[in-house]
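Okay, here's the structure, questions in a sec.
Labels A, B, C, D, E and F are assigned to the chains in the order they are written; within every chain, residues are numbered from 1.
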Amino acid sequence: FDKDLYEGNEMAGVVTGLAWTPVGGDILFIESNLSRGKGVLTLSGQLGDVMKESAMTALSYLKSNSDSLNIDYRIFQHYDLHIHVPQGAVPKDGPSAGITMLTSMASIFTQRKIKNNLAMTGEITLRGKVLPVGGIKEKILAAKRANIKEIILCYKNQKDVEEIGEEYTKGLKFHYVDLVPEVLEVALLKTKVDNAIEFILPKPKDE
Amino acid sequence: FDKDLYEGNEMAGVVTGLAWTPVGGDILFIESNLSRGKGVLTLSGQLGDVMKESAMTALSYLKSNSDSLNIDYRIFQHYDLHIHVPQGAVPKDGPSAGITMLTSMASIFTQRKIKNNLAMTGEITLRGKVLPVGGIKEKILAAKRANIKEIILCYKNQKDVEEIGEEYTKGLKFHYVDLVPEVLEVALLKTKVDNAIEFILPKPKDE
Amino acid sequence: FDKDLYEGNEMAGVVTGLAWTPVGGDILFIESNLSRGKGVLTLSGQLGDVMKESAMTALSYLKSNSDSLNIDYRIFQHYDLHIHVPQGAVPKDGPSAGITMLTSMASIFTQRKIKNNLAMTGEITLRGKVLPVGGIKEKILAAKRANIKEIILCYKNQKDVEEIGEEYTKGLKFHYVDLVPEVLEVALLKTKVDNAIEFILPKPKDE
Amino acid sequence: FDKDLYEGNEMAGVVTGLAWTPVGGDILFIESNLSRGKGVLTLSGQLGDVMKESAMTALSYLKSNSDSLNIDYRIFQHYDLHIHVPQGAVPKDGPSAGITMLTSMASIFTQRKIKNNLAMTGEITLRGKVLPVGGIKEKILAAKRANIKEIILCYKNQKDVEEIGEEYTKGLKFHYVDLVPEVLEVALLKTKVDNAIEFILPKPKDE
Amino acid sequence: FDKDLYEGNEMAGVVTGLAWTPVGGDILFIESNLSRGKGVLTLSGQLGDVMKESAMTALSYLKSNSDSLNIDYRIFQHYDLHIHVPQGAVPKDGPSAGITMLTSMASIFTQRKIKNNLAMTGEITLRGKVLPVGGIKEKILAAKRANIKEIILCYKNQKDVEEIGEEYTKGLKFHYVDLVPEVLEVALLKTKVDNAIEFILPKPKDE
Amino acid sequence: FDKDLYEGNEMAGVVTGLAWTPVGGDILFIESNLSRGKGVLTLSGQLGDVMKESAMTALSYLKSNSDSLNIDYRIFQHYDLHIHVPQGAVPKDGPSAGITMLTSMASIFTQRKIKNNLAMTGEITLRGKVLPVGGIKEKILAAKRANIKEIILCYKNQKDVEEIGEEYTKGLKFHYVDLVPEVLEVALLKTKVDNAIEFILPKPKDE
């Protein structure tokens, strides 16, 4: 089955994550979508409590660090954000998609492209720390099968990578990070996607 | 019992889907309805969580791709959308009505007719990819019984169709798609329904 | 016990339905009530999920077909609608009160009288189709006991009526329908109830 | 234990109901309270679903029949209504407090006194019909113990009263009613309570 | 363990209640807190349904009797009220903290001090009646251990006090009450707390 | 595993707490985050009911004591507060993070730094009392492992500390407190964090 093949970076907000499942590692796609609205967050894809809180945490981080990413804060107030994780019928949970969801949101809000052939896995905290996650070996095998070339991990997961034989990690470039800005430094390209959204925003009120 | 017969295309928003049930394939109708309101989405027909998320995903996709369909974004804000799937007492779930619900919404928001004798089945993602679904053989048999002439499927379901004997697919035209715009290209006619809604919208505020 | 006796048509919004229960057919009354408010819908009478969705579907149908019934759309926005189904302690569910609830709503919004000695049973869909329901024999027996003279059914239930012996249907006039407008054609009289509500509505805003 | 002793009519909104419990009949008090607000309804006293729906039905009836009781409709919008049924820790349910709650609300909204030594029991419907209830014998015995002199019942409960020996009903005056206005005709005095609320209402907007 | 030691009356809104627990009587503190907001009520301390309803009933009583306590009604609309009952991890329920919560609220809204060395227990109703509660003996023993000098009870609990030997009640002064105003007469001092809140309120709108 | 290593004080709102778990003591971090909004409180990190109520209590305390901390009350109304407790998948509950959450909030609202190498544990009440908590020995051992130098505890926990051998508490400085202001006196430094938020607030309305 070819779901796992890597699918390019023409669209803002589509980021490749790595998941652990009882039958082995897998890749997953986080999709983000903005539409004019009132700042409502919608989550779909049968996400569990922990994964939903991960998304909320990623959004809060982004809101209070919008300046460093040149995101106009009014976008948060005048657009609705929808995060979907295909396949829609497969229940998903856990904190390890934290950096993937945050990167997806950063891309959709900046309309910047995601680096090609990149995957990532790692929990985030509200202050932007990246925490290590489990299932590293299975996730790396799945990434290779899906033609991934670079992987972002918490620096505390480096030891897990080193325990895997080199034949499994050959051809993969690992980025070990401690904080969210390092993730975005690697993942977000400078260029915007084609047909980038031109945000329609009200004039700011006097303050 | 004749519920499964195809029922024409005089009404915007009524689209024929294909469902798998424990006792075989069946057709179902997705109905959409707009009334003046505040952008509220109502879902009925005893839909399960996955199917509800499918509807939310379809709506988000449509909102952020409204330009390409010539939908005035103010309709989303000043009309309420109701999606109903008869029969009202039969529980339904799963992601395979994704493209059917999206087509139904596209039709009701544009008031364009749906192609006659057409049915479809396929999951959608937020970025508009069409994913393959199961139960293809049973669904095709049901479509034939219901006088369907054309069927839209994900291109990844082509191999499932080819595994079925030709005597079962004779007289059916298959459209294999990868993305939502291809679905709408096939399904939405250029002509509007008779008595199309003339949307009543407030003047846009200065921006 | 005389609960089942038919009770006249002096009030808008009171319509007689036919129900199937484990101990036989019964009649039930759908009651509608409007009071100045903000468009809130309240349902009571221990209604189950399917029956609640039926009411929501009926209301959506009415909203988007208000023109043909000469209902000022502002009533939906400036009045609250309450639907109650006595007896309040008896749980009720199922889709078969669909046309009864829709007729009750149509009557309360137009303040038109309901035809005397009339009962009905049938599911509705969002586009206004009437679907067949079960328990026809028991329902007809109950209607006769309650002094009902005319009954509205889906045309697909005609065969169920014909299977019942003529001694049970004698004196009853059956209206077989396919679509909601046919139901209202039979059920709603041209005359308004005495003391019809004079709706108090704000001036429409410029559009 | 003397909870059941009748307690006078100095306060608007306090009405005596009759309840059936597994250990016999009992009286209960319905208390209503208005405070400036936004039309919120609060229910307390560990009320079950059916009893809550009874309260909602009573309020809807009152709202759409406010003219006949000379209640300014703006009170419904600018005051919050709280219904409490002591004792607060005892779960209560069922529809038989319908007319008692409606009378309590009518008294608090009109500030009119309740007739002294009066109790009542009966279900209401949204159109104002009074339906018969059970446990009549036990309720009457409890009313006598609590020094009640007059009782309002549905006319369909008259046969239940007549089955009780005269020695139990001696000294009690029964009012058999069919519709809510008959209940209020008996229960509500013309005089207002001392220190009646002077409602503070905004000027009505132009309409 | 010294949690039960009496803790002074320097703060508005802190009132001592008496609780019955499976291992004997205990005292508890009700804490109230106001902060600028929109009239939201927050309850914490793992309170059960009955206790939450008690708090809601107390607040409704206070709102509709604010004149007699010289509380500006706008405080209810422009401040948020939080009621907390330490210890935060211990589940609590039942109606017997009714008068304690009401007194706490009366103190925080008036900023008046609570009488020193005073405890109380009793259910309230919406019209301000005080109802008797259980566990009187255990509660009195706990009060003595905590250096309480005066106790407010429902007059119907007087017989429970008299059944306890005088050696247990010596040194305690009992206030037997029937109505809420009698509770506040005893509990609320005329003097305000030091650093009393100066409420910031918008000008009332024209009416 | 090195999660427990102490992590500096460069960020406002990050405070070190001490937790008891079935497998021994542990440190945890409370993270607070503000973003422009409407005063919404979001809690994440799989927090149980008691811990959520703790957070609500801390926020209420802070709101009504904002003057003494020089917090502009409009920040509560025009910013959203998010509290997260990593690791996001580990369920957490109990009242003992009360002072830690309150300190985290006080830091984020004032943008003042937290003292370095400081940890704390203790329940709070709404009036600002600090209550003792359990697991003191295990918590102290965890603090030492994580390089903590100072610990804030309720004065009633002093006896628990004294029961531990001096070899375990050597090098640790204990601050025994009774009230919240004593906690903040120790924990909050006078200096603000680098890049402190400059709050954007609307002009106060006339009052």
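Basically, contacts are C-beta pairs under 8 Å (C-beta built on N, C-alpha and C of every residue); 3 or more make two chains touch, one makes a residue touch a chain.
Note that the coordinates shown come from a computational prediction; the quantities given were computed from them, not determined experimentally.
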Whole-Å separation of chain centres (CA-atom averages), chain B against chain F: 51
Length of the line joining the C-alpha centres of chain C and chain D, rounded to whole Å: 30
Per-residue overlap in chain B, given as positions that touch at least 2 other chains: none
Topology of the chain contact graph, where touching chains are joined (line, ring, star, complete, other): ring
Successive chains around the closed ring, taking chain A as origin and chain F next: A, F, E, D, C, B
Complex interface listing, chain F residues touching chain E: 49-50, 53-54, 56-57, 60-61, 63-64, 73, 76-77, 94-95, 98, 123, 125-127, 129, 131, 156, 205-207
Of chain B, residues touching chain C in the complex: 2-3, 11, 13-14, 29, 31-37, 42, 44-46, 80, 82-84, 86-89, 197, 200-203
